[in-house]
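The two complexes that follow have chain A in common; it is paired with chain B in the first and with chain C in the second.
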Partner chain A sequence: MPWEVIIFYLIAGVAILSAGGVVAARNPVHSAVLLMVCFIQIAAVFVMLGAEFLAVIQIIVYTGAILVLLLFVLMLVDPEDLPEFHTGRPVQRAIGALLGLILLLEVAAAVVTRTITGRQGSATLENIEAVGGNTEALGRQIYTEHLLAFEIVSMVLTIGILGAIVLAMPERLGVSGYRRRDTISLGHPRGTDLALPATAGAPIRATAGSKPEPAGIGRTLVMAGDPDEQPVVGGGRR
Partner chain B sequence: MDLFNLNFEHPDWALILPQLIVFLTAIALVLGDAFLPERSKFNALTGISLVGYGAALASLYWQRGKDDMTFQGSFRADGLTVFLSLIILIAAILSVLVSANYIEYFEDRVPLGEYYILLAFSVVGALLVAGAGDMIMIFIGLELSSLATYVLTAYARRRVESVEGALKYFLLGIFASAILLYGMAWAYGLSGSTDLDGIRAGISEAVAGSDYMEASVLLALLLLVVGLGFKIAAVPFHMWTPDAYEGAPTPVSAYMSVIPKAAGFAALIRILVQALGPLSDDWTWLIAGLALITMALGNFVALSQRNVKRMLAYSSIAHTGYMMVGLAAYQDGSVLGSQLGADGVTALMYYMLAYAFMNIGAFAVLAWLQERGKGVMLDDLSGLAGTHPLAAVSMAVFMISLMGIPPLIGFYAKYYVIVAAIEADMLWLAIAIVLMSALSAYFYLRVVFVMYFGQAPDASTSAPARTVATPLLNAALVIMVVGNLALGLFSQGIIDLGEEWNTALTLASNIPGVN
Partner chain C sequence: MELTVDHFLGLSAALFIIGLMGVLMRRNVLIIFLCVELMVAAVAITFAAFARETNTLDGQTFALFAIAVAAAEAAVGLALILALSRRVRSVDVDEYRTLRD
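Let's look at the complex of A and B:
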């Protein structure tokens, strides 16, 4: 077996194992670190495919930016506030595992029985060499063939920023001096003013004449260790 | 796409004019929100939105009959683009009219400027999907449209339901996007092209002469249908729908029941009909099966809903099922233009247009009532005919139209879909639509019954009725009631326009190097 194949399987094996570890790890920080391992392995696969530009992008964007952001979020959120993983009911978990297994088998069947190889595009190794390398070839593609898509991506990023600002911006019409007191987490409503059940289910009414009072003022914080202890906070079928 | 020659043609901006106008509207809204004085914002921004969408709608007039592509095939201007853009822009105008007063004064006064901006970007995304010429554009357009919609769903961020619905929508949505992208990667791997016509050529070359379906092609097809099935809220990918619709501010529910769905159907038509048309023998059965369970589940669960918004969410799932029948009735390579009605894709698109008028209307009445201090439960509508007769009449029109009673638009929409299904030898599906419509009469007519025969709540115990002026919403209601009454009777012109969609297929033969 040639060395390249052995190295590829080594890299692929580590990538799959670390990806499994991301899902299985109980501590989110461990998940994040394993995700980094996985990303670096994928970058290595890109290098082996001769796509060194994508490998560098993989490291810079995913490992460098996204993962560091993820770790920042984990660092800023109180560990007790982190969402509880692995809490599905046994039936849900069984069905999920079954569906995942079916998908895996489907993909495996598709890969194994595949005879259609597709047409050869123009991005062959020789062509890429001729235009001066990966980065140049990719640049040519993006700025000619996919120019419109490239421009639209900037709109998608704008929407991302705008959406984050809209959702995280302090109330600009609310009572001044009011601040959120705690962090927001997905799993535990503890300490989040968003999850307080006081207005849940009440019809939407603007109180005419009175200033809108921010949620969380004049209400007791509900301390709940388990989400199920909460009274129904919306979404339940009524 | 020759790597050696930079054969870059300058884009033909005239072909992409409606999209460009809406994009410039979005930019104008951003600048207007930043620089206009606070008190003139409401009028100015609403005006900019309406004028922008109106101008884009008018520009469609010059797009009609075009049959060309630009941006190296990324964008296509053909009959399909025109009709889908028409639906999306009409729905956008109605959404602005419905939301203006609501967003400005209710839900704890959420910022209005950002609302319009997000709406405009979402519309741009949907319009780009309508005219997409390759998979990458479809994906990016869908993401642009969906991302803005996720934020809009959470717009009443003080309300737990709104945030919860948005979070469910967001998490499931990005998961579905990943599945869609995986399917696109498979389609690319099998055909060697991201271009829709290139995929069509590659796939038909690959499966030519073989009777059996290769597992890899089937996997690509399944992944694509699952990913897009989420966007149109087909069963079993509908789990997010009730919570998101119920939680979102009512005008946003109206908006997202039409435009993201239209974008999803646009992507489905572009991908299944245009790119995977040669496989239509396989995917019509898949779509037909999904359509059946979608309309069945939507109607059966809607029976037990007391919350009208939630009932409308399930009814929207059911209508997705009816629309999918149109897609299932597609027959590749058949002669278009039937004697009785319309072909499947035209029927689908006509249904979508009708649905915009019916469903935005139903949500608009709820928004109208909420602005007058009422809730969205069935009991809140009790005795409405006595207190607000005009609102009751329009709600009754929308409900009866959703049910499909002639001469309202909902009947014609169902009629064309049923005819298309029969002509495609799917009689069982046509029967299913009729049965399900009969079933749906229960929950639609219950709303009408409660409004006209229910006991009006005692004035002393209920919240004091407030008199608010909502001129834009009233105008929207009038437009939609008239649309429901009139558009069905004049459906032939719309159908003729819709049937021009098949120029999308003839374009493929014009591209050098594809066939």
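Let's look at the complex of A and C:
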């Protein structure tokens, strides 16, 4: 058995095990970290397929951006919100496993009995090497044949980011006349404008009445206003 | 034994189906989101494998576009999860029944 096959099975085994861990882990943070392991294995698979640029993009975009974003969101969700995993819903889990097995058999049959083959292109390893490597060849491909799709993808990304900002914005920010006074994230539940129990009622400027307790690194924490906060009339921050 | 494209297709199918089972079996919306990402990545392997088999670069290009769209989808999806968890105060998909009640 050549080394290539052994290495492939090693990578594939780790990828499948960590993917199973993503599904089975009780703690979502463990799931995220296991998914990171799985994505790095997928990047290694891309390298074995001769798609080096895809491997780098996989690591930068998936493990670098998406999973870090996901960990941020995980931290913003209260831990007691997490539904229990190992209790209840046996029917749902059985049906899920059954459907997965059926689909696995179908796909395996399709892969094994596959007879269709595509037309051979000219991008052999030697030709790609002559162009200057995978990244150069892919760049030529994108900017000549798939230019329109590339531009559309950039539009999709822009609109997606705008939509994400609009969706994740605290709702009271959209109300006219409402001005946000101060925000700080430390000690604040969920980073929203929801009321803090300790600060209800009283004006919340940092040094209004009693001295706020020092927290963090010797700095005072300034909390966001409570939900009934009126628009700032004067003395507010311009 | 030679390393053929079928190996990569099998790995991709396995990862895709593990992700699918996660989507079907878990109730935490964050885990479901993670499993969807896993499915997208598994499909990217299929694209790259067929690109190698046919000696073209179109498959890699499509995998690149798939990753870019997955990034946009991740941003929107996580924003949705954040807004939902604020409103419903839960990440359990069974708690999201505004349309039913």
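Just so it is clear, the second predicted complex is superposed on the first by the 162 of 238 C-alpha atoms of A that agree within 3 Å, B and C clash if a C-alpha of one lies under 4 Å from a C-alpha of the other, contacts with A are read in each partner's own complex, and residues count from 1 in each chain.
We take it that a residue touches a chain if its C-beta (ideal position, glycine included) is under 8 Å from a C-beta of that chain, and two chains touch if they have at least 3 such contacts.
This is a predicted model, so every value here is computed, not measured.
**Student:** For A:115, decide between first (touching chain B), second (touching chain C), both and neither.
**Tutor:** So A:115 only meets chain B here.
**Student:** Touching A:167, do we find chain B (first), chain C (second), both, or neither?
**Tutor:** Both partners, chain B and chain C.
**Student:** Please indicate which partner A:144 is in contact with in the superposed arrangement: first for chain B, second for chain C, both, or neither.
**Tutor:** After superposition on chain A, A:144 lies in contact with chain B alone.
**Student:** Quick one: is A:46 in contact with chain B, with chain C, with both, or with neither? Answer first, second, both or neither.
**Tutor:** second
**Student:** Between chain B and chain C, whom does A:130 touch in the aligned arrangement: first, second, both, or neither?
**Tutor:** So A:130 only meets chain B here.
**Student:** Of chain B and chain C, which one touches more residues of chain A?
**Tutor:** Ranking chain B and chain C by residues of chain A touched puts C first.
**Student:** Given the touch rule stated above, what does A:153 touch, chain B (first), chain C (second), both, or neither?
**Tutor:** The answer is both, since A:153 touches chain B and chain C.
**Student:** Given the touch rule stated above, what does A:57 touch, chain B (first), chain C (second), both, or neither?
**Tutor:** In the superposition, A:57 contacts chain C only.
**Student:** So which bits of chain A does chain B touch that chain C touches too?
**Tutor:** Correct list for chain A: 107, 111, 114, 118-123, 128, 137, 141, 145-146, 149, 153, 156, 159-160, 163, 165-167, 194.
**Student:** For the complex, which residues does chain C have touching chain A?
**Tutor:** Those residues of chain C that touch chain A are 1-3, 6-11, 13-28, 30-31, 33-35, 37-38, 41-42, 44-45, 48-58, 60-61, 63-65, 67-76, 78-83, 85-86, 89-92, 94.
**Student:** Inside the complex, what are the residues of chain B that reach chain A?
**Tutor:** Spelled out, the residues of chain B in touch with chain A are 1-4, 6-8, 11, 23, 71-72, 74-75, 105-109, 111, 114, 117-118, 121, 124-125, 128, 134, 136-137, 140-141, 143-144, 147-148, 150-151, 154-161, 163-165, 167-168, 186, 188-193, 202, 205-207, 214-219, 222, 243, 246-247, 306-307, 310, 370, 373-377, 380, 463, 466.
**Student:** Of all residues in chain A, which touch chain B in the complex?
**Tutor:** That would be residues 106-107, 109-111, 113-116, 118-123, 127-128, 130-131, 137, 140-141, 143-149, 152-153, 155-156, 158-160, 162-163, 165-167, 169, 171-174, 186, 194-197, 199-200, 203-206, 208, 212, 214-215, 233-235, 237-238 of chain A.
**Student:** Give the list of chain A residues in touch with chain C in this complex.
**Tutor:** Touching chain C: residues 1-2, 4-5, 8, 12, 15-16, 19-20, 22-23, 28, 31-32, 35, 38-39, 42, 45-46, 48-51, 53-54, 57-58, 61-62, 65-66, 69-70, 73-74, 76-78, 81-83, 85, 89, 92-93, 95-97, 99-100, 103-104, 107-108, 111-112, 114, 117-124, 128, 134, 137-138, 141-142, 145-146, 149-150, 153, 156-157, 159-161, 163-168, 170, 190, 192, 194 of chain A.
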